[in-house]
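One chain, subunit A, appears in both complexes that follow, with subunit B as partner in the first and subunit C in the second.
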Partner chain A sequence: MSLPLGAFELTVERQQIPSRLVRMAAPTASVAFGLLVGAVIIWASGQDPILAYTEMAKKGFGGRLALTGTLVLATPLILTGLAAVVAFRMKIWNIGAEGQLILGAVASSGVGLWLGDNGIGGPVGIVLMLAAGAGAGALWAGLAALPRAYLNTDEVISTLMLNFVALGIMNYLIFSSFSHWRDPSRATFPVGRFVDDSMFLHRFTGRLHIGLFIALAAAGALWWALRSTRWGFEVWVTGDSPRAALYSGMRVDRKILSVLMVSGAFAGLGGGIEVGGVLGNLDPRALSLGVGFAGIVVAALARLSPLGVIPVAILVASFTNAKPGLQVLGIPSEIVTLLEGILFLCIVGGEWFLRNAVRLQRRAAGPRPVGVEAAPS
Partner chain B sequence: MNDSVLLLSLASAIVIGTPILLAGLGEMMTEHSGVMNLGVEGMMLGGGVVGFWMSTQYPSMPLAMAVGAGVGALFAGIHAYLAVTLRVNQIVSGLALVITGTGFAGFVGSSNDSALIYARPKSSLEPVFGEGMQELPLVGPLVFGHDWVVYMSWLLVAVAAFWLFRTRAGLALRAVGEDPATADTVGISVGVTRYVYTMIGGAGAGMGGTYLMVEIFATYQHGITAGLGWIAFALVTFAGWRPWRALVAAYVFGALRNLGFTLQILGASVPSDVLNALPFVLTIVALIIISARPAAARKYSAPSALSIPYSREIR
Partner chain C sequence: MRRFRLGVVVLIALALVAAACGDDEAEEAAPATTAAPATTAAPATTEAPAEPLRIAFMYDGEIDDGGWNEAHENGRQYLIANMDGIETTFVENLSPGSEFQAAFEDFGSQGYDMVVCTTWCQDDVLVVAPNYPDTVYLSWGGYQTAPNVGHFDGATEDGRYLDGLVAGSQPGVELIGYVGGFAIEEVVRGVNAFMIGAREINPDIETQVVWVNSWYDPAAEQQAAQALVDAGADLLAAEVNAPAVASVAEGAGIGYIHYGIDGSGLAPNSWLSGFTFNWGPYYLSQAQALADGTWEPALTYGGLRDGVVGMSPFGDAVTAETIALVEQRRQEIVDGTFDYFAGPITDNQGNVVVAEGATIAWEERTLCCQWLIEGVIGEIPAG
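This part shows the complex of A and B:
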């Protein structure tokens, strides 16, 4: 494609490998553009965009309290991001991290409470609790994985639907029943029963707990598994060409099961860590929808790199962390959600520059050689 | 007595089913063009909040609906630009649109000078038909007791069904959704088709959101759609991409929303949390049943090119 501009012309060609400059410049320019759009909206609503942005940066990263708060919020986001990375790598579109995280929280708080009732706690209890979370997430994803692997049922819709089923289960356990999870002493204002103190994850400073490092280790493990194991290689091949994978003797149905369940396990672990590190109980008010969907966008912005998920998740978490602080200044905190959405849209759109090379060049004299324009690179 | 409780709850199922139907029907047209827009919830909120604002300024429901539809279409236009022109992953773009629409609605709704949360619409709709017809047994409350938006939604279902399966334009639309390369070779513009129907989908969501806020709740609250947009998205699959089935399914889903109250009045107690999850369970079950039966899968499955970006150069 080309666009004549006087003596010059603008050509657009497909490219496989973008240059290093473009790889850096495209996301930066997209963020800048998104911030500019956001600034116009903030300004149009009668607020000071500069003030809003500096406050957001300050509330997200300025000082120990802000920074640890951001890292605590980033922890589940890293794990739902990883959940999306591993599935999307194989072009299995798991958009059910939300529900898998919720079921992970349900299982780990359930197991945590049961262990506490039976006098088991401490590190053993914590390990069992987190394992239950990961396991429940994997099984919940398995509900979509089985029909996907053996009946070819569209996993986009089934995983999406399962989010709301999981939400219903969690709400039922706390709001509509006197279950194992609910605190029986609070009849009018239902809350979840708290797990034993010995089951809380170790805290370092402020609210920062060991869960962050579990998430970082998970990212490292996934990076290694995708890069250096047979399983990772098969995920890559199956994602690129399921038919080639099938003909070379790979068990594609099992791969679908394992990838979706690993994906669910990451999200479920995230739910377990939220219970053990932040909430201490099953709290539907805190576990409402959001982290799972944001994790998908985080994974996309990280270009499906397990390690890339970490900085992106921290950045997105800093936004969320800045919300309450902005409200104090009289800036509606919802601007953060709007800005987040605009930035996501801009960065996702900016990916176009990674797949296409745009060049401004002097127009060649005389007729163009036939076929040059249409040739795909 | 029990009869009238049942009848009233069926009638209100039609009311709550209407925003689901409007948004779902729009999304159905979008998906028939091969574009999947997960952003229904965001477009409902984003379009609805502006439609609601219009209704607090000027007492005209048609105007509010038109404004809501227009803003919804603009939101969908963002998705169309990303999905069709820039060919990004439609799941990611759709989810980003949910976040954007939710943030936009919250921002507009809570800006200090407008404070939509405290505002009320300047008018509300009356049933179209007279008292005499509304008092007819059975069909009175069910068929003749509604406002014009409900009847418009019925008309839109008929138009959509006719358009999709009885007109050349509908054939072109389905061709773009099933096999864009072939559609392209016979001279149908894949890009234009996808843009137009994606924006029609956004208009449906915007109308649904406006009706929900202005007429059903007559107020704006944060997250007022409470998952109705996702139900509308599920509706498309549950209805097997067929408009008439969507009409029935929307009222089934609407009835499930109300069933909790009805059952309580009748003395039974099923928690609303369970009922709220039922539409999604039903959709999964329908999806699995359809995919397990090849004959049904051919007839009621998603358009083949759904969520696959089209490019003339890459096949």
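This part shows the complex of A and C:
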């Protein structure tokens, strides 16, 4: 692609990925650049960027409380990040992690309450509760996966729309009905019944609960599955070329079904862990904060690497955790959102510059060779 | 042929610019921090204790939302203006769950003396508060106290009854459109009191309620308000935070009644009334008690009598006669000589919900109501 600029022209050519070292260093450089751009914006808004970044680092990672707070916020993000990674690897665009997380929370709290009502609790209860969350997430994703696999409908639309249905179901259960989930004794504000204390996820220090390690194990499991199993290999091949996969005898329809359901299971597990580790009940206000959508950003920043999701989710969570501290300094909370956006753009942009050589050169007199016109993305 | 690695050049150029700016900031940093706008120190008096009382406020929306959060922010400003030896700060746009818990923990670990959460956050408070026994936590709407956790709530129905008198007095109004947030007890209680006031003046008036299932959803509120106007509403009332209902009323040229704060600026021509929450005196009493060492965890439910509920200035369309009646009723409620919840009260299904001679006692107010009063078109969704 070329863009004429007077006597010069701007050309963009696909280039060979530079050395592994450059490839590894690029995201770090992009983040640093993003932080610089963010600093300029914070400075332009009349605040002190050095103070802002110091505070962000302090509230995100400085000390036990900050660190545990960040890790608690990172836990559901890791899982929705994994949900996006596994689907996007196969170029299945699951935009429905939000709804899958919500349904996971609905099922977890529902099963947790039912078990409690029947005198079952403790570790058995926890396992069943979280399994219900993952299962519900998988089934909810399955609603979009079946028509995608067998009728070739657009999963972007269906997963997106199912988010709203899930939100409606959750709101109905707490705000608009006296359901199994709602605590009938609490009149001032409608809230969900709490699951039995024995089913709260174990807290280690501060508010840090065992859910983090479940999320880390999930990341490890996905990494291993994508790398070392036949299923993972087929996900790769199908993502790169569904037709090639089909010709080589792979069952693409089943792959779509399994990948979307695994994706939904990660998100649903995230919802279950929020119920078991943070909330203790079904709280629609705390479960509709866009963690599912944020997972897409996390996955993109991690370049669809299951293990990369972990540090990225922790970084993004540290921003959120720093929000109150920043505001106390007089820095508006929107700066945090803005910064996330800038970092995202910079990392995606950095990636693009890595893959494409951009040159400003004097315009050649004759017609350009055709090959250069091929526009990479 | 000149070749530039454009990406690299741009990157370096911007980095240099940023670095250059960074130098300036470093010099300005010191004065900027001392003047941080969110932290407002009370003027130090010579007799003020060496350690100011540090109070943090937590909001789930914007402090200038023209509704719920702004009313609480006004309360904070009142506290600042009326008490020496305090230092307040606030955090807005927080979400329930992990974020609330993190903020409670943050303020507790920094040794704040009092943390006020202005929305439903009892469950998150109770997770964190035991770890910070030296910090007092106040939360809106809760009912389960702890040694360092108290709760407060305002009697929406007190203000709503007076708003109903205003609505019922408007000539030619037959159908009131009411946009409610959630069909929860507090809101339903408000609608019922509103209707009692309106029917006291105009026994044939009806109110149609639409629930938007949100406290702040401009698009849904706009649609709900428009649908009510299309259904023939001659007046709109709202118990939501976005200004959408006000602008629909203004556009339709019909009267408008706001919720919780003076919203006359939202609909200058349509403006009739809107009760106000005055949280300031409550915050002051709590902070004062803490300073005096007399603070006890309590459930505070404040209405007209306690000054927690008041009225905003009336619109031009409200006659002096109506204003006099509203003032008279307000005084009677304050004196305890008038009870708008005195039975008999019939719900819109025809059941007598409050018998003749009975009432809804002040202590039981927060448990009421899971029924809509006679004259209200709509229902409480229940499963």
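Assorted remarks:
Note that the second predicted complex is superposed on the first by the 334 of 377 C-alpha atoms of A that agree within 3 Å, B and C clash if a C-alpha of one lies under 4 Å from a C-alpha of the other, contacts with A are read in each partner's own complex, and residues count from 1 in each chain.
Just so it is clear, a contact is a pair of C-beta atoms (placed from the backbone, for glycine too) under 8 Å apart; a residue touches a chain by one contact, two chains touch by 3 or more.
Here the structure is a predicted model, which means the values were calculated and not measured.
After overlaying the two complexes on the shared chain, residue contacts for A:L21 are found with neither subunit B nor subunit C. When the two structures are aligned on the shared chain, A:F164 is found in touch with subunit B, with no touch to subunit C.
In the superposed pair of complexes, A:Y172 makes contact with subunit B and with subunit C alike.
When the two structures are aligned on the shared chain, A:V328 is found in touch with subunit C, with no touch to subunit B. Applying the stated contact rule after C-alpha superposition, one finds that A:P49 touches subunit C and leaves subunit B untouched.
By the document's definition of touching, neither partner reaches A:A7: not subunit B, not subunit C.
Look at A:L65: by the touch rule set out above, it reaches subunit C but stays clear of subunit B. Touching of subunit A by both subunit B and subunit C, each in its own complex, is seen for residues 46, 171-172, 175-177, 330.
Note for the complex: subunit C touches subunit A at residues 1-7, 11, 14-15, 17-19, 21-22, 24-26, 28-29, 32-33, 36-39, 56, 58, 89-99, 101-103, 105-107, 109, 120, 123, 127-128, 141-143, 153, 182-186, 211, 213, 366-368, 381-383. Subunit B contributes residues 36, 38, 42, 78, 81-82, 86-89, 91-93, 95-107, 109-113, 222, 227, 230, 233-234, 237, 271-274, 276-277, 280-281, 283-284, 287-288, 291-292, 302, 307, 313-314 to its touches with subunit A in the complex.
Put simply, subunit A touches subunit C in their complex at residues 10, 29, 33, 36-37, 39-40, 43, 46-51, 59, 65, 69, 72-73, 171-172, 175-179, 186-191, 194, 206-207, 274, 278-281, 283, 285-287, 289, 320-321, 323-325, 327-330, 333, 353, 357-362.
Subunit A makes touch with subunit B in their complex at residues 14, 41, 45-46, 93, 95, 147, 151-154, 156-158, 160-165, 167-169, 171-172, 175-177, 293-294, 296-297, 300, 330, 332, 334-342, 344-345, 348-349, 351-352, 374, 376.
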